[in-house]
């Protein structure tokens, strides 16, 4: 075993263990794969973000005067496909999860390191194929691929996109499988289930959804592709197929997929709140249990996407009540985070700003979700900008805030450098303000009746759209700032100490950045997590 | 400044808006509560010394129960209230004006029973329920009138039904809400809600063509439906007069309400639900009759049933052990 | 489940060469592999599950079309294939057993038998598919609605081809894995101590068998008694 | 939860058991073929599925060694079945309840 305790900068860590391209592209180190994912995820986010900018540009004026209608449709499809399948679903699990799960449970790596690398390649290849399809060929179906438009009427490269999504789905399955097996079999001595950090619980719950849901979208997109290629009729009403069946199969995955996006975010927030309040998390068991409850319940609510689709009204009733039920574990989490802050020792560093932003935006976004689950109201706001606003509050206000918060929090561990505190606070505020200015007006536009996926819209919605577009410009700048200073800090940032926040957790007990083997010696866990009182002496040293 | 609500122009609008306001109140209350607590805690308990550690606050099972039960109670209220409004929107009254809608990329065709056709425009009287029977010729569309607070997907391969009762004369947007292809955002139109007097004037102006039912009757003969579904005894198929609105009994022992969905299914997939006492000999007409033709045939078959008394007998769903009506002619 | 892993690090003495660095011992590694494989099979269940759902829905709507179309499948070939696949599961189980004994020649023998049986299955499948092509029973532009059947019989054949096609694809992948195993077995990789790959491929092969066990009655045996 | 190491059969099945299962599977295949030609009313398909399920259980328990696997494996298998049931049954519930609310009008 390498001697990783040699002091100073010359210490061998996972970053300087090898420099060649091969040492990165053929690595099986979960930390390096996390970096590979970070690069991939950032690129796809940038592409999706560019598409978002073009959408907002077009919607600045009511007339569809910037792009052709068809081009606009291709742009919003690009935005959806890139953001959902290649950024949101992968973002936190693939980057932070990959980096942290073994560290947090005291393992040397994930259970299947080569599979982990394979899943990155599948992700990148799938992403490039999908990118090629949406940019070169153009796909105009929206990310939802509703039949029979996608199977019979669209002229876009649906089949190629389907292949890309299938590969990304396979990659997502392999990541989830790896996490499940790792968490089950590779915990360090003494790391019992109830001593596991909440981040790992969140990843565990996420992995369950990835395993159980993703195969269904995989077969669904395959059927869509087969239908286009061979003129099968499984979803084609002309041959007796039912388009609503496609929606069932699609949402059986795609609703839980929303939780693939938000559960990891909640997992990050649980870590941030307790670290910056220096206080054990309030209601550990309830937060952990609610993650698993959400994972299971999320599979029972998909039909709330279909209230106006012509599904049976009784099915609508069942899906509505179950959708409300899934709100409860989410509420439990929010209350517990808030209670954790009570009598804490709260430090306003950037990660906490993001966490607080998350709690606020997620609470608001989640509550607006109740409006969508409410049958009588959901009918009116379905497929309007109200929906768009709601899920952006959850996805952007929730997941991206948490992702950035987590990235700031663990950046010292990942890179061994500190990010600039001043600029990071500025960016947190810019993002928060820009975000609200972008998406809050969309709630109003939606209730007023502006349908989504409109290339041109009636003039009465213009004021709200101008607000939204101006907010989006601010938001865009907000996202560029961290991109710049993270790069900057890799070269010029201050060296990070092992535990810059005085946080508990095994990942902070190993050097920053960690050695390839993660821990000089296999750690032994003796107590419950987030035990700041016991850890006080170490904090004083740190 | 833009308004915050669309106009309230249907009988649903007040109910939906009241529900919305209740949910806004809940949303605002909890958002502000959480927001205020977070801010207050963040200020009050800010870290004073770098090595400071919080004193442990013990977990409280009682608190966990409280904040599980309160949201649970609240969502139950939302559910039942929402379901009530939902049923108002999904169950049309029996005595409505009938409008037949055909959606196609990228236009709405709206037909009145007297054969009057409109394109992307619909004239209806105020204060009278209007029922839409909708079919799509290609992809999924969605009939959405914000001022009326309802929408309904128009799914190809079946009839979709919706209804509304306008309460205020005026001109309101009709949108397609489900993405339907390149010119999705051009698939918009207007609903003209008119006073009864204006509506009568509009009705009397212009010529109305052939009524839907008589167009359907022609198709009935064209497709030779009448050779089997005749009135005379010993026809190979059941007589269709008085079928619509009746509860019919299937070979499987099931009973069904003969509504538009049933009539349509019996044309395109006749083997799916076989009427008791008739062999499965009818061929499928799937792909052989256009959507418009199906609407006309349905209108014709409906016209063979006596008009119900308003709010009448038709609204009752099939009871578990229904009154046996003979399904034979 | 195991309470974490045992504390003892494996760096001490004779770490087996098959042991990957991040596992404590061979057992932990074997356990992780088995769990991983089972979880993978879960995803396979739901993968096929999407098509089973479509099957259930359409069969309920188009019962007569499905029964009529099912009777156009060649029951003899289907039953023969079922027997072949069950037999291949037996040889696969025996291969796994031989692997546990570390009996190199037996492993190769049983794996070869499994491949031959799998190949037989696929060969018969090709014959069946070819018949469908000849009779214009392949859904798509060249489909001709079989005489006396409702038009929706095309839906049955759509599902038939999707389901059996994906099943056959799994068989092809399985045969590829078996060839890889044979190469490794001949190299003498498998010992009583390390035979995880044989075990894992065995699980996969049996799973594919189980899928067919359900496909057979659902596709071939509908409404046979009504003839 | 680990298997006992020095078990004679490594905690797995033995060829004898495999042959027994194989025989049972072939017999059940014959039974299901026979049953398909009987007039059982609505019970033809349920019976065929029950036989298939029995065969699948045997393959899983003996060929796939589920019987001697850790309890976690059984939980994993059960989870897949439960969620498959969610997918099929909830979707089916939509289709089965669609005719419940007749939509009339005039």
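Order as written gives the chain letters A, B, C and D; numbering starts at 1 within each chain.
Assume contacts are C-beta pairs under 8 Å (C-beta built on N, C-alpha and C of every residue); 3 or more make two chains touch, one makes a residue touch a chain.
If you're wondering where the values come from, they're calculated on a predicted model, not measured in any experiment.
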Per Cα centroids, the chain farthest from chain C: B
Averaged-CA centre spacing for the pair chain C and chain A, given as whole angstrom: 34
Euclidean distance of C-alpha centroids - chain C vs chain D, Å: 15
Rounded Å distance, chain A centre to chain B centre (Cα mean): 36
Euclidean distance of C-alpha centroids - chain B vs chain D, Å: 40
Per-residue multi-chain contacts in chain C, two or more chains: 1-2, 31, 35, 39, 42, 45-46, 49-50, 53, 57, 61-62, 151-152
Numbers and ranges of chain B residues touching at least 2 other chains: 90, 269, 286-287
Multi-chain contact residues (two or more partners), chain A: 184, 212, 216, 239-242, 244-245, 248-249, 252, 313
Category of the chain touch graph - line, ring, star, complete, other: complete
Chain D to chain B touching residues, read off their complex: 98-106
In the complex with chain A, residue positions of chain C that touch it: 1-7, 9, 11, 20-23, 28, 31-32, 35-36, 39-40, 42-51, 53-54, 57-58, 61-62, 139-141, 151-152, 154-155, 158-159, 161-162, 166
In the complex, chain A residues that touch chain B: 64, 69-70, 73, 140-142, 144, 146, 148-149, 152-154, 237-244, 277-280, 282-284, 286, 307-310, 313, 316-317, 320-321, 324-325, 327-328, 331-332, 334-336, 338-339, 341-348, 352, 356, 359-360, 363-364, 367-368, 370-371, 373-380, 382-384, 444, 447-449, 451-458, 460-461, 463-464, 502, 532-533, 535-536, 539-540
Contacting residues of chain D [partner chain C, same complex]: 1-2, 5, 9-10, 12-15, 18-19, 21-22, 25-26, 29, 32-33, 36-40, 44-45, 48-49, 51-52, 55-56, 59-60, 62-64, 69-70, 72-73, 76-77, 79-81, 83-84, 87-88, 91-92, 95-96
In the complex, chain B residues that touch chain C: 269, 271-272, 280, 283-284, 286-287
